[in-house]
Every structure is written in structure tokens, then in C-alpha cells.
Amino acid sequence: MMNGSMLEVAIVGATGIVGQQFVAALDQHPWFRISCLAASEKSAGKTYEEALRDPDTGALRWYCSENRPDSVLHMTMQDASALDLSEVDIVFTALDSGIARTLEPRYARTKPVVSTASAFRYDADVPILVPGVNLEHAQLIHTQRKKRQWNGFITPIPNCTTMGLVVSLKPIHSEFGIESVTMTSLQAVSGAGRSPGVLSLDVTDNVIPFIPGEEEKVQTETLKILGSEVDGRVSPADFKVSCTCTRVDVLEGHTEAVYVSTRKRCDPREVSDSMRRFGTRMLDLPSAPKELLVVNDDPFRPQPRMDRDVYGGMAVTVGRIRQDPVREYGVKYVLVSHNTRLGAAKGAVLVTEHLVKSGYITTQ
Amino acid sequence: MMNGSMLEVAIVGATGIVGQQFVAALDQHPWFRISCLAASEKSAGKTYEEALRDPDTGALRWYCSENRPDSVLHMTMQDASALDLSEVDIVFTALDSGIARTLEPRYARTKPVVSTASAFRYDADVPILVPGVNLEHAQLIHTQRKKRQWNGFITPIPNCTTMGLVVSLKPIHSEFGIESVTMTSLQAVSGAGRSPGVLSLDVTDNVIPFIPGEEEKVQTETLKILGSEVDGRVSPADFKVSCTCTRVDVLEGHTEAVYVSTRKRCDPREVSDSMRRFGTRMLDLPSAPKELLVVNDDPFRPQPRMDRDVYGGMAVTVGRIRQDPVREYGVKYVLVSHNTRLGAAKGAVLVTEHLVKSGYITTQ
Amino acid sequence: MMNGSMLEVAIVGATGIVGQQFVAALDQHPWFRISCLAASEKSAGKTYEEALRDPDTGALRWYCSENRPDSVLHMTMQDASALDLSEVDIVFTALDSGIARTLEPRYARTKPVVSTASAFRYDADVPILVPGVNLEHAQLIHTQRKKRQWNGFITPIPNCTTMGLVVSLKPIHSEFGIESVTMTSLQAVSGAGRSPGVLSLDVTDNVIPFIPGEEEKVQTETLKILGSEVDGRVSPADFKVSCTCTRVDVLEGHTEAVYVSTRKRCDPREVSDSMRRFGTRMLDLPSAPKELLVVNDDPFRPQPRMDRDVYGGMAVTVGRIRQDPVREYGVKYVLVSHNTRLGAAKGAVLVTEHLVKSGYITTQ
Amino acid sequence: MMNGSMLEVAIVGATGIVGQQFVAALDQHPWFRISCLAASEKSAGKTYEEALRDPDTGALRWYCSENRPDSVLHMTMQDASALDLSEVDIVFTALDSGIARTLEPRYARTKPVVSTASAFRYDADVPILVPGVNLEHAQLIHTQRKKRQWNGFITPIPNCTTMGLVVSLKPIHSEFGIESVTMTSLQAVSGAGRSPGVLSLDVTDNVIPFIPGEEEKVQTETLKILGSEVDGRVSPADFKVSCTCTRVDVLEGHTEAVYVSTRKRCDPREVSDSMRRFGTRMLDLPSAPKELLVVNDDPFRPQPRMDRDVYGGMAVTVGRIRQDPVREYGVKYVLVSHNTRLGAAKGAVLVTEHLVKSGYITTQ
């Protein structure tokens, strides 16, 4: 890319829904070329097309709204637990956390691993990187390599619910200081994937008020991501976060009602201006949106169906920025972000582009 | 009722959805008998059945899940603006607030008016009565009568979103003192009624993050209802409320994620015990639920579809009572209440039963 | 029952959704007493309550809208594959067809088995009984017992989609003769159960136009049920059926658009009269609806949400009976029936009541 | 266009949802330039932007998923009932049928009118044009002009439900001859527009089995469109059509289950081949899809959410082509077509492109 040569990438967990999103996000990528697809043992040896085929009906099970990239359909799948990475520059993993805990370190011994799994997010030497927010935390990669004696490394992206929140909090944190954050999420069913996923029987004409583990993830990850990196270590940000995470009958796009207490006095107009300035800073990378954070002044926005696809699902949209009567200084607002674009594979690809540009990842 | 004679009631706005709910709630009532149905001029003179008939298809437009009470179908409708109340003991109104502002005072000159409209809720001499929460505010009725020189009076019930909130806050306020409340609602489409109502085009696969006027209503009403009555006046409760009110694709039942800062230390178990004690105090009235506030320990509850109909839609269900990491003392929880039962006509009937029992309303 | 003694019943597959519906339908039944609950080996030895408990959250997984019957929560579960039936008079099975094929014959050696599974529906000596439609097919039980040398027998109920169809066709078949039936179904998600069930990701803002095996079942079962029994054999009805079965985002209640060619001339009024006469014939049984077939003249009915619960979900509602311009003689109409009440456990209980009343089932 | 000059177009009813779709479809069009926007008197004199603004919130009410074309926001709206057409070459109307009956003839006196309204569809001298199906019916324009003494003419497009049906029937009609058609539709809520539109209260967890007037429209229009034009008159096709039209909770995309009796023997494979040949005939026009009719072999397709946007919503997708057991010769299948793209404004634009190309419309 820098010099015209492409980086070769592997996608592990390629048959699942997030894996397919990686395939879609990396197809036709200007810097990356898919050279390896892996999944469980039972897919190994099949072509990708065969692995996607429903055994009963013979139909291809392709779940992304992007077209199925024909170029990879004939690639032969590898077994994720016996993966030959010799020809690969980067490993993208879309694994369940349990399996990720076993397999990702194996890959990281030799190669950079960018992951959507939560397995290593809470380890002290592992950065949770968010484009435009804390890319300086990539410094932890040095600590991690040294400590674990790896040639590669692991960098997970955050939980999809954390993603929209931290992007919207970053400019407030920088300009006004955050005292506390209270957040209620209305999350899309796609966040639960397909196995088991969310049944229509459970969510039609209904709200599910509990997503196991989600609130803790958002609370911990937000503080880590907005924390400060010093000498290869991150001190979590010094404020409190309280969440209630619910599931609603929306296909894609998480909505979050956010209440922020700030350290300095601020009014909605200042926060809005600050968000706009932050949102339009250019990230000069192939998958970067024109604006990472969009402020919409229509009081009926953001809405997940109307705003999730702004800039290809890579922007966070904020609206309804208001004074908060409960907090001495502070604001409340609503945000929408696309949980399976910015919040998953495409977000991971954007992080990886940064790691390439800043020299953490190179061709072998 | 006490002595065997029934109270005669009028329902104004009887053809609309809330009016129909009054008809359903009052049909077969042990104390009340529907003796007058009124609506706009264009219904006047028709039978109730004719007024409900769709002009194009001839089908009856009955919107409640309760069966259509055949007993009232042949009553002749009156014009709400020229209503003869001489034979009536109580007027239930289900009017839009604009019209309520004009018509309700006319009725109140001679009769008690129990209303679902917001027109008079914020007047200093008008109590917003909630069963089991602040029935002592009925004292304001004396002030109101004297000041306005009415023989009757107006008592509105609160907004349907306020209703569930204040029922759940009452025991916390009494036992631990409230410092502040932050609340995000996920409201059912039935709350918007039918004209214009909420289009499937707007809410399917979507969340609408703004309900005009709703947040202000909840904030103001909550403080008034939980305020203290002294000498025929109510001082609002001395805490702050901040809301974000959203609409989701749920038919009936508002869900609210609530975060409460308390003045005294409290833990989730104490709050839960306090709510249970409060919830099971008997209201010995025909429309009273067995428990007004139900605590459900299943972490996946309350859910609107599963919990809205508990005790005939007259109970508020609370769950997920947890410590709140943001607040020094305090808890967070989720509640569900039925916006068109407890939060509308049936709630108003329950209030009225109290007013009868405590002597504010008598046969003429 | 006749003489005051209760029949003891076993429910096999009692933890699943249909099994729970059997529990709900049989709790407080005037003739039947649940004396045995069975499921897979992993539930055996647990109480029913323990078996329903979610291992992660400890919450009870009860899926029916009826209240959980406390009386059976402490019963000890048996292993369905090693079931002691000595104290049991009737076995209700709610098994997947694969397992039913193995287990139901074991039970039928000694006891009557009433099943919601399709395993034996298409065997020549097995009647598919529908209340009010073809109870005379119960004669096949004699053939079945003789041929298979069983003391008991197996009587499955039909597929839930067939159920509504045959109830509506029966009066037309009797009075006008059927030449052909074309039917498009819009089926509820509850028909697919919970494992895997229908994902919101698949059915929200969507229609799924294919339900594997469903169209063949409806076509075959309809002809068998409306066939004539002679000497212990059923000749299928002599007409053709063509279906398209689709899934829509409705929780409960299958809607079917039906087009019938008849042998004799008929007009919509005659068909409507015929259906009404048929619908109101009394079935003097505890679970029988007041009307099995209801004709609704509102052109916007039947609708699944409005009509599925008519008479406790045990009635089929028909509307929009119109002349069919394509067919020489014939009509078209729309029906709604409750797929998990009449079309599942409660329908099976009603069939069983008939078998008791007519002497096919007795206490031991 | 042919010679580089653009045709100037007016959009009447431009503020409504179909009018906005015309604006979106015509923005950046290579042949057409929007030079006039008209709506009711109350919009006249405002800019388009002002006319779209919500009076309460000030937010722009733009309902299309396409971006709002900024180029027309500052155009001044005209009053549709006093429209100056002197600079206009083509009038696109998106009016309710009642108003269309009055206004369209006024415009047609001088200009070509292409309409989505049903007002003139059933007049003998008015062709209902469908791209790729019956463009030869445009011959009626000569008859119409002569008879009505108009310089312009009126050509409506069909009802959105007819559109998908006739595209799929055309190859069957041509190759095998049609004896009869039975069709059940599952229609999207967008087909009902926004005033009043379809309430979530009515369609969530529900099916509405009746759309007034729809079945008659589909039956009549299908025969007219597939009829044969001789000497400036159209004889309707000589077969029967029977429909049941229902509304389901789908945002966009009508699904139809179709059963066709043919005159000649045919099997599903032949019909599928015939459809594919028909579908890929090139329409060399700017808005034409690459394939007008797509056959999808996945048995779970077509689905409205997955297939409505194929080729920009301008293709009809067919699947599940099967032998029909009821019909001597014939097939059944399922189709999906986009009711507000091919079935509305974009479909009308495509028809207009044909009329330009074939010389019916020229610059003045």
C-alpha cells in the first residue's frame, strides 16, 4: 500500500455473521487482500461457498446487505485451530470469546491480531482501540509484545455499545472533563448475532431489559478507552459510568440516551460545537467516514433506521443535546451508531488501517 | 354504592380510544352506572353504536381488547359542548387538552370532573391524584372549589409515563429520601392514540427519540405528585428529575430505566423490600389491584408484553434493582406499567373510587 | 369423570413450549389430573420447577400467557425414554417428530397417546382427529389396535395450519362439495417454537416465503381429514389442494387466504350461513368453544391480533367471504385460527375429551 | 436529450411522499430537469424547503432514503390548480385520485402527463403502461388526443401491486397462455402513504386482511395491461384474476403468492427459463434495471427486505416456482417488487423515458 504491495490478511471465524462482515469490508480493499479464510474444523477443506451453503436447501447463507464477494467464494477454508499464517500479514478474528482466548494468543505469537472478541479487552497490556479516540493507546502494543514475548500482538475493538458512547464522549471529556455518565441503551437485535440470536417471539411488541454482561463491559471499556496512556500503561479515566442495556425490535443500529455530568460548566451549544469540531477532523484512511461524529439538529433525530447508515455506517450521529436539570454542569443527548459496521468488522478494519499507517503493522 | 344506590356517570369524548376505555372500565362497575355519553357535535343524536360505525365499511370501530359492552350501544350521544349534567354525579373526560381547557370548567361548576387531559394539571389548586401515592392531595379540592366558586371540581390523573414512575418512586422517597431521578422511557405506540398516532412507517425497525412535551410533563408532574400538601397547597418535592422519552414499536406498556440518587444510604435489597411493602398495602376499592407495585426478581423482567397485564394492567412491575455506580447512595431499576390501563381510564376510575370512598364525591 | 373419578395423564416433552401449553391446558381440568411429567434424560429427577429454571440466571422459563400452575412445580420429572405408565390413563406427547416415532409406539402398547407430532399422521390406520370435523375417524383406532397389537393407540392432531383450514372447509365440503382449494398462509412465529424458532433478524420488516414441509403437510392432511371413513379405513377426499405457506412477524394466530371451487353452485351468503350453522353446533365438552367457527362481517376482519383469542383461542374466525371470479362455482375468504391453542395442546385436549366421552379412553 | 437539450419537467404533489420520490428519481436525471414544483394552495409561494418544514419543530420532512436533493430546495412552489406549464415539457403527477380527476385533464390539454393516480386508468383510451410489458399500448395516446382534443395526454402507471404481478405474468402469458390467476398479496405499509397511512397500533403483531379497492384494481388492471392493442384500442386479456390483498408489517416491498393456470402444458423449469429470458431483455433507458425480472433459486427467497432493492428497486424478483397440484397445467410462485420504486415514481420515470425515446414526448 505505502509502496504498492498489498498486505495479506486472514479472517478467522469467516462463516459467521461477523466473519462475513469482515469479508465484505475487506473485499476490494485498497491495502488488504484476503488470502486466508478459516473457521471450525467442520468447514476446513470446503470452499467458502460450500461452507456457506445450507445443508438442507443448498442455498447460500450470506447475511450482509453488501453483495457476496464472488472473488473469495472458491477459496479453500482452513481449520482455525491449525492455521498456517506463514503467508499472512494480519489476522482478523470474529470468534466467540471462549475460543478467542485459546486461539488468538497462538496467532499473536507471530502476527498482529485485530479482534472483535472481548477475550483480551480487559488485560492491562492490551489496548482497546477506537478510531479517532485513543489511537495513542497503541503504545501498549510494545509493552504487550515485550511482556508476552510475541512477535505479533492482539488489539481488540470495544463492544459495539461502547463504540458509539466513547466517540460521543471524547470531545466532552477533552473540553469539559467528565464527572459521571449515565446511559440507557436500546440495542438492535443484530448485536446478538444468529446463534442463538434474538427470537421474534421474545422481542416483537416487547423490550428485553437485560443483556447479560453488557453493562459491565460498557462501564469498564469506556473508562479504559478514555483513560490516559503513560509509559506503556493506561490509567482508566477518573469518572463513573452507569448503564442500563436493553434490547428492542430494531434490526441494526444501537440508540443510547446519555446523561453526562461535566467538571466545567458547559451548555448544549458548546457541547454541540465541540462535537462538530471533533467529528470533522480528518482520519485519512480508506475506511474512515467523512465525519466520525455527526450532530443532527432535527429534534426527532437520531433514529436508528434513518441514521445508522450515515457515511456507510461508520459515523456516530448525535442529537437532542439539552441541558440536564439533574446535573450541576452537564448535558444529555441521544446517539445512534451502527453496531455491525463501525461497531464490528468495519470498525476493526479502520483500526487496522491506522496501525498500518503508524507503522505497527508492516508487510513481512 | 355504600348504601346501594349507584352513582350516575357521564363519559365525555366517548368515541375516541380513551373514551372507549372509560366505557370498558365502567361497564359492570359495582358503584358507577354510565348514564350519559358525549362527544363532538357530529356524533350528537346518534346512538353510541352509530357513532362508532365506520362510515365507509359500516364496521364498528371498537379499539379495546375488552368486549364491547352491548348495554351502552343504544344510548344516544350528547354534544359535549351542550351537556345536560342534571342527572349525572361524575364526569369522566377523555378530551384533547385544548378542548378540555374550555369544557372541563363548565362541567366543574356543578359536578366533579375526573380527567385524563393535561389541561389543568399544572394549576396550583388542582391535585394530580395517583392511587396509593398522594391521595391526601385531594385536600386541594377544597381550595379549588372555594377559589373558583365551583360546586364540582377537576382532578386530572397524571401523564401515563409519570404514573409508573411515581408509583415506583414513592416508597424510595418515603424511606430514603430522593436527591435526583434520571429516567429514560421506551414508550408504547398506544400512548399516541390514533389521530394521528404513530405510523408503522415511522416506528417499525426504529426508535423515535422525541415525544414533544413529554419530558417536561414527567419532570413537573413527578415533583408535584411527590410533593407535600400543607393547608390546601402542594409544595413540589425538593429534588431534580431528568428524562429522555422515546417511542418504540411496542403496542401497550411503557418501559422506564430509572436511576435514583437517595439522601440516605440504601442498597438494592432494602429498596426491593421497601417496594414490596408499599406494593401490597391494600387499597380496598373495586378497581384496585391486589398489589400496586410488584417486584420481579427474574433479571430479564419486567418486559412490557409479559408484565403489562399483571393484575389487569393496574400494577406497576419493577425489576433489575441494582446498585448504581454513579451515585453515592442510590439504585437503578427498570419498570413497566400499562399506559392505557393504570395510566389512563382505569387509573382515573380508581382515583374516583377513592374520592367517593373518602366523601369528595356523593350522590346528588 | 363421568362417575367422578379423574383420569390420570402424563405429559411427555413437558418442558418445551408445547409441553408447557399442555400443562396450562390440563391444570384445573375437570376430567384430567396431571400425574406424570416427562422430558429428556437431563431433566429426569429434577422437579418441574428446577427443569424450567434457566441455568445462568435462575429465572423460570415459562412461555405461556396463562399463569404457571403452581400445583405441578414440585412434581419430579421422569425420563421420557424410560417412562412408567402404570398409573397413567392417557399420554399427551409434545415431542419432535423424530423422537415421537420411537417413543410414541412404546407408550401406545399400553396406553392411549394423543400427540401434536406429525410422526404417525400419514399412516393409514392412524386418524388425524379434528374436533367437530371428523371425530367418526376415531373408528380407525380399532383397526390400529388390531393391526399393531396395541392395548393403547396413537391419535395425532393435525398441523396447526391444517386445523383452521379444515374447520372452515368442513361445512362447504358437506353442503356444496369441494372441487379444489388454493390457500396462502401468513403464519405466526410461535408456530416455529423456540429452538431454533424464528429470529427477529429474519422476520422483522420481512416475510419468509417458505416453511419446509408445511405445504405438503397441509395438502395431505386436509384430504385425509375431510375423507370418508368406511370399515376402519379412510379414503382421502377427492379434490386437490395447493398451498403457499409463509411466515410473517405475528406472534400468535395463523391467517389464511382461501379460495375454494365447489361442485355445486353457491354464493357467499349461502356459504356464510352454512358456516354459521356448522360453527354453533354444540360440542358438549369442557374445552369446547361456544362456537367452533365464527363468521365476522367486518370487512377488515379477521385479524390475528384481534381474533386469535376468540373463545379462548379455540374458535376459527372467518371473514371476507366473497364470490371468486376465477372459479365457476366457489368462494374466497380469509380465516384466522390460534396456532398454539386450537392448533396445539388445547386442541389435543379437546380431541381427548371426545375420545373419553365416546368411550375410546377409560380409566384402567 | 437525444440532441443534448434537457426536457423540463413539473412535479405536481411534490411535497407528499410520492412527490418526494419523483424529486429523488428526477434529480440528476440525464434527460430531465425539474423546473417546476407544485402542490396545494397552502404551499404556493413557499420554497420547497419551507414547504417541507414541519411547522412545530422546524425540521425538514423528507421521507425518501435517497438524500434530499439540495438543488431544488430553493425552488418556489406553485399552486397545482393554477399551474403555468408554458416552460414545461412533461408533467409528473403524484396526486390523490379525486384531485387528479380534475387537474390532470387541465394539464393534458397542452402537455404529456405521467401519473401515479388511478383516476384515468380505466378509461378506454388511456393506456396503463408498464416498462417491458406493454409499451405498444402507447398507441392509445393517438386515440386519446384525437378524442379529447388534447395536445398532451395522460398515461398512468398501474397500482403498485399490479406492477409486480404483470411483469411476472408477461412471459407466461406470451409463451404458455394464461387461463386464470389467483394471487394473495402481503403488502408493505408504505403503500398506504402517510395520511392517514397505517398505524403501528393496527399492524404490529397483526395482518390487515382488506385494502379497500385494491383487489378490483389489480384484477382490472392486469387484464388491461396484458390485453392486446388493435387500432388504438385495447381488448382486455381473456382470462380471470382473483386476489386477496392484505397488509403486513413490512416497510417496503410487496410480496405476492401467485397461482397461474396456463393454456399449454408447462413445468416450473420452462417457466423459470421463460422468465429469465424475458427478464434480461435490455431496456436501453436511463432508469431501466439490468434485469426487469430476476429468478432466485434459493427456496427461502424472495423476501421483501432482502430483494426489494435489487437493481435499485426496479426489478421484480420471483422464486419458489413450483408445479401447482390444483391446476391441470400451471405453476405457482412467489414474487417481491418494490412498491415505491418500480411501483411508483421511478416506474413512472422509466415509462416516460420510453415515451421520449419512442417519440411520444418531445421538447416543445
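Just so it is clear, A, B, C and D label the chains in written order, and each chain counts residues from 1 on its own.
The rule is simple: a residue touches a chain if its C-beta (ideal position, glycine included) is under 8 Å from a C-beta of that chain, and two chains touch if they have at least 3 such contacts.
Predicted model only: the values in this text are computed from it and were never measured.
Would you say C-D or A-D is joined by more C-beta pairs in contact?
C-D
Using mean CA coordinates as chain centres, what's the gap between subunit A and subunit C in Å?
About 47 Å separates the centre of subunit A from that of subunit C.
Report the inter-chain centroid distance for subunit A and subunit D in whole angstrom, where each centroid is the mean of the CA atoms.
Going by mean C-alpha positions, subunit A sits 41 Å from subunit D.
Centre to centre, by mean C-alpha position, how many angstrom separate subunit C and subunit D?
43
Spell out, as numbers or ranges, the residues of subunit B touching 2 or more other chains.
In subunit B, the residues touching two or more other chains are 57, 204-205, 212, 249, 251, 299-301.
Report the topology of the inter-chain touch graph, choosing from line, ring, star, complete and other.
complete
Provide the residue numbers of subunit A that touch subunit D in the complex, in ascending order.
That would be residues 57, 59-60, 204-205, 297-301 of subunit A.
Okay, in this complex, where on subunit D does subunit C touch?
Listed in rising order, the residues are 180-182, 184, 186, 205-210, 212, 219, 240-242, 244, 246, 248-251, 255, 257, 259, 299-306, 319-320, 324-327, 332, 334.
Going by the contact rule at the top, pick out the subunit A residues touching subunit C in the complex.
56-57, 63, 189-190, 194, 196-205, 212, 249, 251
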